[in-house]
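Notes follow the structure.
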Amino acid sequence: MPNVFLSSPPPPGLTFQNPSRLNPSCLSSLCSPKSPKPRTLSIKCSQSDTYGQQRSFSPNNGPSYPPQSGVGLPPKVFVGHSIYKGKAVLTVEPRAPEFVTLESGAFKIGREGNVFLQFAPAAGTRQYDWDRKQIFSLSATEIGTLISLGPTESCEFFHDPFIGRSDEGKVRKVLKVEPLSDGSGHLFNLSVLNMLINMEESIFVPVTKGEYAVLVSLFNFALPYLLGWNTLADSARPEDTRRLNNANPRSGVDYEWSR
Amino acid sequence: MPNVFLSSPPPPGLTFQNPSRLNPSCLSSLCSPKSPKPRTLSIKCSQSDTYGQQRSFSPNNGPSYPPQSGVGLPPKVFVGHSIYKGKAVLTVEPRAPEFVTLESGAFKIGREGNVFLQFAPAAGTRQYDWDRKQIFSLSATEIGTLISLGPTESCEFFHDPFIGRSDEGKVRKVLKVEPLSDGSGHLFNLSVLNMLINMEESIFVPVTKGEYAVLVSLFNFALPYLLGWNTLADSARPEDTRRLNNANPRSGVDYEWSR
Amino acid sequence: MPNVFLSSPPPPGLTFQNPSRLNPSCLSSLCSPKSPKPRTLSIKCSQSDTYGQQRSFSPNNGPSYPPQSGVGLPPKVFVGHSIYKGKAVLTVEPRAPEFVTLESGAFKIGREGNVFLQFAPAAGTRQYDWDRKQIFSLSATEIGTLISLGPTESCEFFHDPFIGRSDEGKVRKVLKVEPLSDGSGHLFNLSVLNMLINMEESIFVPVTKGEYAVLVSLFNFALPYLLGWNTLADSARPEDTRRLNNANPRSGVDYEWSR
Amino acid sequence: MPNVFLSSPPPPGLTFQNPSRLNPSCLSSLCSPKSPKPRTLSIKCSQSDTYGQQRSFSPNNGPSYPPQSGVGLPPKVFVGHSIYKGKAVLTVEPRAPEFVTLESGAFKIGREGNVFLQFAPAAGTRQYDWDRKQIFSLSATEIGTLISLGPTESCEFFHDPFIGRSDEGKVRKVLKVEPLSDGSGHLFNLSVLNMLINMEESIFVPVTKGEYAVLVSLFNFALPYLLGWNTLADSARPEDTRRLNNANPRSGVDYEWSR
């Protein structure tokens, strides 16, 4: 029997993380074209019952949070944004990239950041079964695909979390994003087939146009951070340039082509 | 008789706040599709008389501001952006989210931020009656709906500030946003029916395409802050990663799927 | 005879500023619709000669810069972005808003920021006559109009820098932005009629689609700063919220509607 | 014989830089219109084999990194974002602008930032030949052209890294960006003809719609930094304004037009 709101499932952000650095989890991405429909001009928002639910669930009903680790670090902030619907909930949360130190003292991106999706089915009215939650980690390119998805377009991503390891092929995850038939938004569907524990799960969350616009805004904001381009804010400083000019008087002499 | 510019109405940002944490104020959101019209290609800016008025009203004519509270906090900054028109004024202002501290010392979002709308009717030439102002608090999803609203689309939001409390149903607020008939922008209409004090008010503010584009730009900027994703700027730092790696050497071992 | 590159014209940002706080300079904004054309799908970039010129003119050839004023302020940074063409140059530069202090110690916007346009005609090959430059200060709404301008749309803004003063009506400025006939971008035209000194000037700068996209990106970035919404970065901090909660334990009790 | 992954090619960001300050490298930009096609509504993501490759190549396989220079500077962070495909790889990385100090202590942009493209051909399965890499430096306007490029549009940029110098005309670089025939994205093609060393190279990288959306998001984020507009974050501060008002009491008296 599923444990509903009583267990302490693994917290988001610590246990279930993207293995892309060690083992690429992505088998492939296939996007099926939708036959063109005329551009719809109406907006249907979420139904009133699910909308009310959206407000009624505070994150207190979700998973518990782990203790802080790492003295001297800025405090961890959990910023999962949830879309609560009658049959399931979808939570999106960004993961910062990891940097590695080079011998010179400089840094490079060791692992790109991503956006973590959590799907949990409803376990009754305004209750979600976090024990049955399924997760999916969006890469930068997959985020880009969702950002640029037209109102009548659909896409599909395939992940194998064990790719390149002994259990490769035994777990398959498919995320489908398709237009809702009434043109009011998109349907997110995560299907997971786990042959290791003989489990199959498929969770659907309808996302209205307004909710999708929020996701696009968040994803657009997050992408430069996920790829480290926010460090431009440090290098594009007039004060630093002054010092740079003093430290490196030849910096003005450089060529696009100098072989 | 309405008190025009003489009273000290409750300041924006302290008295009238979004009750979504305690009592969801949102009954439902209904968006009525507009029959498709050909994409209009003209831009009609605001009429010259109202445009002149827009410049003539400084925030000095608006509500007064409360004293600061909270020693050691960064100073409060009031950044309401107003669209002054002949018959009414619309002011938009962002509200930061509230965070709560977890036992671990980490934070999570306790209440999402929102955008606060204030409508006040005109009380004569270049005067607005702030005593009769009506307010409406936009959630993230409602902001997303406005951001993604096409030039010929309309939408409608319903709020009950007393939902879930004893006075539920006695106050109804409806915000409608519809295309102007001449294609020059959208009409914002806030209707409030208050059976507790037997009051009914409906205020209209036409918003030109240029003004709407400013709102979209502000809303797009604000959304990540309202949902706390701006904290990515703290976690996506190369220096922190270095420390994180030292503090948590196992951070590289993680799986999207590890049951 | 015009003084070419030898004079020290008034520096940008100090002498010619937007009088909107004291005297609205904006008579009206009129935007003439363009008859719909099919969406053009080609991109014509700037001609090679003008493109070469664009690179050949460094800001050193432009106006001189004033001494710094204000001890303890962050250093002033001039970030005018110029579009150099064969017959004229257009420079765009943002102006930060001005805040005023309230009695409580809080701040509000005293004057909204704007974007300052400078047009200077060419005075020969790769030389511009800064003595004949004309200026135009874009308000937030005008910026929004330019951001949302479609590829086949045009718009027009009217300013009177002396509006509300004794010389009202004696100087008229009109900024027109129209699609180029070949669909390669937009033509910016600033016309100034100054009856005080019996001067008339009309300067044209063709702006390619790529250049226009740069302007839109800069304007979109700047708008929240011009209206003070960047201060959300200070208020949307988890640390501050913690302190706020301690300082103001009633902060959770608030209503959208509390009359 | 090409040296594959064994050499230490010149690091990105130090050797091959944009000579635009000293010698404009840009001959011209020509964009050829594509005959209009109906708006395609399908999304084809990258093929599974190349997608797997994308994940399998860490930056460790790329060029080495130089030692840090400049004591007291914030650490250099390498944030090249790579699109790995079967026949070649494309890496994009931003370059901060350079500021120069004016006599007054103020700053101005001495050289605008840009985005650096590196193309390297494959040298076998999941190996790239960095010795044969070709580079191309995108100016702000070229970035704007790519940002605003429609799904069925194409564009073309020409650079001569020796323009204005004795070897002008001996090296020609052409970057073409064209829609893929199946509508799944754009094809990036960098062709370099170097008559100095009798070398000719043409490298193709297909970029899916999702990958292109990531580039657009990064470019849109970067543009204000490349042109220095991020310094608005310093000038648009309420605290500074207060000090400014004290230091310069006449700051409220200014006119758009004051001749």
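Lettered A, B, C and D in written order, each chain numbered from 1.
Following the convention adopted for this analysis, a residue touches a chain if its C-beta (ideal position, glycine included) is under 8 Å from a C-beta of that chain, and two chains touch if they have at least 3 such contacts.
Everything quoted here is computed from the prediction, not taken from an experiment.
Engineer: From subunit D, which chain is the farthest off, judged by mean CA positions?
Structural biologist: B
Engineer: Counting shared numbers against all numbers at the contact of subunit A and subunit D, is it over half, same, or under half, different?
Structural biologist: Mostly different residues.
Engineer: When the C-alpha atoms of subunit B and subunit D are each averaged to a single point, how far apart are the two points in Å?
Structural biologist: From the centre of subunit B to the centre of subunit D is 37 Å.
Engineer: How many angstrom between the C-alpha centroids of subunit B and subunit A?
Structural biologist: One centre to the other, that is 26 Å.
Engineer: Which residues belonging to subunit A are in contact with no fewer than two other chains?
Structural biologist: 21, 75, 77, 99, 107, 220, 228, 230-231, 238
Engineer: Which category does the touching pattern between chains fall into here: line, ring, star, complete, or other?
Structural biologist: complete
Engineer: Of all residues in subunit C, which touch subunit B in the complex?
Structural biologist: 20-21, 24, 26-37, 99, 102-109, 139-150, 152-155, 157-158, 163, 220, 223-224, 227-236, 238, 240-245, 247-248, 251-259
Engineer: Which subunit D residues qualify as touching subunit A in the complex?
Structural biologist: Contacts found on subunit D: 14-19, 21-22, 25, 38-48, 51-52, 54-56, 58-59, 65-79, 81, 94, 96-101, 107, 110, 113, 135-137, 159, 161-162, 171, 173, 194, 197, 208-214, 217-218, 220-222, 225-226, 228, 230-231.
Engineer: Which subunit D residues qualify as touching subunit B in the complex?
Structural biologist: 75, 77, 238-239
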